[in-house]
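Input: one structure, supplied below.
Order of writing sets the labels: A, B, C, D and E. Residues in every chain begin at 1.
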Amino acid sequence: QTGTDKPTDQAVEKITFVLDWTPNTNHTGVYAAKELGYFQDAGLEVDIIQPPEGGALPLVAAGKAEFTVSFQEEIAAAITSNNPLDVIAVGTILQHNTSGIISLKKDDILSPKDMENKVYATWDTPVEKAILKQVITKDGGNYDNVKMIPNTVTDIISALQSNVDAVWIFYGWDGVATKVKGLDTNFFAFKDIDPVLDFYTPVIAASQTYLNQNGDTAKKFLAAVAKGYEYAIANPEEAAKILVKNAPEVDLDIATASQKYLADQYKAEAKQWGYIDEKRWDNFYTWMYENKLISRKLDSQTGFTNVYLPK
Amino acid sequence: MKLIKLEAQNISKRFAGELVIKDINIRLGENELVSLLGVSGIGKSTLFNVIAGVLAPDTGQVFLNGEDITGQAGKVSYMQQKDLMQPHMTVLDNISLPLFIRGVNKRQARAQALSHFREFGLEGTQKKYPIQLSGGMRQRAALLRTYLFSQDVALFDEPFSALDAITKTAMHRWYLALMERINMSALFITHDIDEAILLSDRVYVMTGPPGVIAHEIVIDTPRPRGDEFLVSDAFIGYKREIIKRLSA
Amino acid sequence: MKLIKLEAQNISKRFAGELVIKDINIRLGENELVSLLGVSGIGKSTLFNVIAGVLAPDTGQVFLNGEDITGQAGKVSYMQQKDLMQPHMTVLDNISLPLFIRGVNKRQARAQALSHFREFGLEGTQKKYPIQLSGGMRQRAALLRTYLFSQDVALFDEPFSALDAITKTAMHRWYLALMERINMSALFITHDIDEAILLSDRVYVMTGPPGVIAHEIVIDTPRPRGDEFLVSDAFIGYKREIIKRLSA
Amino acid sequence: MKKLQNITNKLYPTALLLFLLLIWQMVTESGLVPKFMLPSPIDVIRAFISSFSELMQHAAVSLTEAFAGLGISIILAFCIALLMDRFEVLYKAVHPLLVVTQTIPTVALAPLLVLWLGYDMAPKIMLVVLTCFFPMTIALLGGFKSSDDDAMNLMRAIGARRWQIYRYIKLPNALPGFFSGLKISVSYAIVGAVIAEWLGGNSGLGVYMTRVRKSFAFDKMFAVIFLIIILSLLLMKCVGVIERRAMPWRHAEEEKEVKN
Amino acid sequence: MKKLQNITNKLYPTALLLFLLLIWQMVTESGLVPKFMLPSPIDVIRAFISSFSELMQHAAVSLTEAFAGLGISIILAFCIALLMDRFEVLYKAVHPLLVVTQTIPTVALAPLLVLWLGYDMAPKIMLVVLTCFFPMTIALLGGFKSSDDDAMNLMRAIGARRWQIYRYIKLPNALPGFFSGLKISVSYAIVGAVIAEWLGGNSGLGVYMTRVRKSFAFDKMFAVIFLIIILSLLLMKCVGVIERRAMPWRHAEEEKEVKN
């Protein structure tokens, strides 16, 4: 335990942090911050909550939670809907988009065009389809020849052994899991096909109203979270144990392997954890607008801020 | 004529515009038992509902001991064709119900009810539920409940018609014997001509529709009336008369 | 004694080890109407179920026209206390049901049933549903259904007991008149002493438990029997006798 | 007379409904509740109209699944109820288990169904069957078992075979229960299909609902919910109409009741 | 005698259940169905035992929500049913709407409930109330409305006040319906709480279920499903016991029936 220099007369501030999914290695930094007392040191009491099906942005906008895990494209949908949600990204969890397409070796899907005539499990969202179309077309393939079936994959290992050939995954979890379980797979990442697809996913989001009124608290929170991720970067195996302690159903082997992979991804080449590059962010929104994925053009530097990150 | 306990004057009642009973006039003297005889649907129960104050008449008035009680419930006892024992209460509580309703303390009410159990042939049944009683016992229990509510004037709507012939005969015997011992003025609805003759001091014959009192027959055979009365010439005479009036 | 149509010999039946009826012997001659009188629960319906072949007796045999039909259903007509008109069929189909069951073509069956409607006082009711008939009409319809199944031997289990007194009297008159016109040997269960005397050639009195035949009374007043029979000395004599035997 | 009564009978709930809608509109107008948390009734109607053709396309898919599932449930329920009524052993063995299956959270099984049956209509129809089969079976079985013993004795006495007893007594006796079971089941069926569609698919109201939710279009989401309610009510009404046709004697009984 | 019958009554379904489990075990053993698609009963039992303490912790949360929701439903149902029975206008206005609310897919409302009520138990309890309130109200109302007119006439004739009629006739008359409504509601309540927990939270069987599902542990998922079934059955049994206590006259009635 770190020696506490926190003034005892100061009231503890409560913060609700909503995940995007069940607890996984994307969230390790937050769990570490909680477990190692970083939040406590900052005078915060953080409640980590599993998300509603379909995301927690409205809850943040409604003031039912202070922070949540979201995605760049989700924030675009939220701020361009008929009744826009008051949400904004305050930091990114991973510096790069580590998602891409995984398949078994025997299916020979080495690059996007190889997906032609293969069965792909789709989430059926417009963004996803546009991205696929983009990469397949760019790779010289025909997007229309991909066989789409609805995605109900809860387990990548079994999915790839059923009638599904290709699945969109975050490499940091599902990709690592296939390795740990000894599956022979191919994987390509979207960002490697087209740089515009190196968007921010996942990110931490809050509402502007909350930030305006509680800027200092938000800064304290993000500082503690950043410290947590720094710890995870430095101590992958310890971090995996912390995660599993908080979510006992998580497989420790996968978690450990995943932590080791993510240690290089949380911050990557960036000067600090959480920093969002204005250009990359804006490029993706421009691409979204050009592909009619959002109803109106967003101004530059809309939807995110770096000001609450620790200096 | 004895002292008049109950009197109904010019009672008429319509349901949905249709005249069901018309200008009914009946009287009931002290300690008298008077029967009302008529086919199904003629309006006998309707008349009773009016007298009991459960239903407001369109015209006419009801007097109890000379006081106008038209439309006032709770003034006379009322026992319906069904015994209406509540399945969820013990026999004792069922019988004590009128006293509970009147606000009598529960322990007192039960004690008072229990004191009549022997007389009504109900010993040992107090803790049972109604379903555990025979048909005859249930009717006696309902009778006791009616009696407890008011020893003064009681209306009985076909109290014995649900019983089989043998049980009914036994009940008639028991009832006639009871009448010797207690004081009660009773108005009786029945379908059963024999029953009306056996039990009553007078019989009103209702015909219709609309239901009217077509005739009044005085049964002046003195009590006690034994089984042999049922096969006597006098009985046959009354029966002949009533059958004639009913089919008129 | 007339030709014996139906005979039950030494019938006994237990339910759950308890003897309900014991060594019952009864006979029914051609065109005879014989009543079975006894208190509720004595085992009358049980005996009928045995005779109708719906229930197997523990001991004893049933003969129809000298042939052993013990345990065989469908040999004699059977009419129960409830009219058992099926609410989902028209009156005509209800009545034709025994013919349908026997495999008669539906059109033919309906035509045959319809040809008796006048006789049974059911004209104009064929397309109605049972609920649209009065109690008396339903009983007549059930009677016709029974008759259509077999003109030979019929069992009637309290056919009139659900009717009110006035309707019942009308049914008695109608039934006595019908008997003059059609041939049918009938065994009759009733609770109603007057009814038994009025309709029957003989009356078996059942007592118990266990149910046994305690007595047999021959009613030898010639038919047709009019209303005055009900108030005649002979009638009173029979009634006195039966009441005595029942309470013995 | 009767018509007038019908109208006044509908007047009260309609008035109440309008009143509730008005309050809802006022609450959203007033800004007490932010629009993204609760769209106003007018927003919902607008969303309903603007997405009408999409709604209809998806509704067609959900209805197909619901009907297929219902049809299978009915056939299954008939067979099982008949067998259970006919063979006492079967009744004793199966009935308690049937009751137990009712406590299975069917929705929880949905992911498994998809895993087992693939991505097409099969798992959705299966979920509808799992939801509807039980009330139908219980209703039919109740009808069979509650048939009047005396009536069956009569049938036996006049020499009826077993199938004739079913034909003339037990089946007609089970009809009222069957139809009330069906009324419950039709609304379960649609909701069942929608829930199953949440788990994946290309079309259907459940899929549409997920999509509009993910794009934060709560007005459209409400429109879907209202469509589901309307469809359920319409189907229940249809069952009512069929019921009246199938049981003409009920008219007679109702008339009798009105008279009394 | 009676005890023996009870035992044989339970013999048949138990035998059938064991037989079904055996088949299931054999199917999974044989490798006909891959283990990841269907864990064997033994796997499930093992999962149940190994995760027993977690299961109990989560079950406690779900049960708390279920009970709170049930309690509120019962109180609400009593109040509303009383008011609707007492005031005809209210009955006419509210009853049709109540029937309509039954076709609302409550599960679909769940995300909105979270949005409106936050993360704690409130939205879960609310969903339980939405699921259970209707059957309870309808059952109670049915009991009130079906009270014997003649019995009420009798009460009026002996001068009973309105509350006395409720006390002595209507409430006891509504008890059997109330308890059968309650039996349905308890199982709905647990399932409702679980579904609500899918929507997020820290604990509860629904949260746990989502976690194990998303971490590929189908054996644990089945264990949760079985726990839910067991809890539902236990609660229904409890209601049965309370029912017998609350309606002692039922013993007398049942004895009578056994005799006949």
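Please note the rule applied: a residue touches a chain if its C-beta (ideal position, glycine included) is under 8 Å from a C-beta of that chain, and two chains touch if they have at least 3 such contacts.
Everything quoted here is computed from the prediction, not taken from an experiment.
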item: Shared interface partners, meaning chains that touch subunit B and subunit E; value: none
item: Label of the chain whose CA centroid is most distant from the centroid of subunit C; value: A
item: Most remote chain, CA-based centroid, reference being subunit D; value: B
item: Rounded Å distance between subunit C and subunit E, as computed from the means of their C-alpha atoms; value: 51
item: Centre distance in Å when subunit B and subunit C are each reduced to the mean of their C-alpha atoms; value: 34
item: Intercentroid distance (Cα basis), subunit B paired with subunit A, Å; value: 85
item: Centre-to-centre distance between subunit D and subunit A (centres being mean Cα positions), rounded to whole Å; value: 41
item: Per-residue multi-chain contacts in subunit C, two or more chains; value: none
item: Overlap residues in subunit E, where contacts from two or more other chains coincide; value: 37, 111, 115, 213
item: Where subunit A touches two or more other chains, by residue; value: 53-54, 58, 62, 154, 158
item: Interchain pairs in contact, sorted by label; value: A-D, A-E, B-C, B-E, C-D, D-E
item: Touching residues on subunit E, where the partner in the complex is subunit B; value: 148, 150-151, 153-160, 164, 168-169, 172-173, 175, 247-249, 252-253, 256
item: Subunit E-touching residues of subunit B, taken from the complex the two chains share; value: 49, 52-54, 73-74, 76-78, 80, 82, 84, 86-89, 97-98, 100-102, 128-129, 131-132, 149
item: Subunit D contact footprint on subunit E (complex, rising order); value: 9-10, 12-13, 15-17, 37-38, 89, 92-97, 100, 102-105, 107-109, 111-112, 115-116, 187, 191, 194-195, 209, 213, 218, 221, 224-225, 228-229, 232-233, 236
item: Residue ranges of subunit B touching subunit C (in the complex, touch as defined); value: 39-40, 164-167, 169, 191-194, 227, 230-231, 236, 239-240, 243, 246
item: Residues on subunit A engaged by subunit E in the complex (per definition of touch); value: 16, 18, 21-23, 47-54, 56, 58-59, 62, 64-65, 154-155, 157-158, 161, 247-251
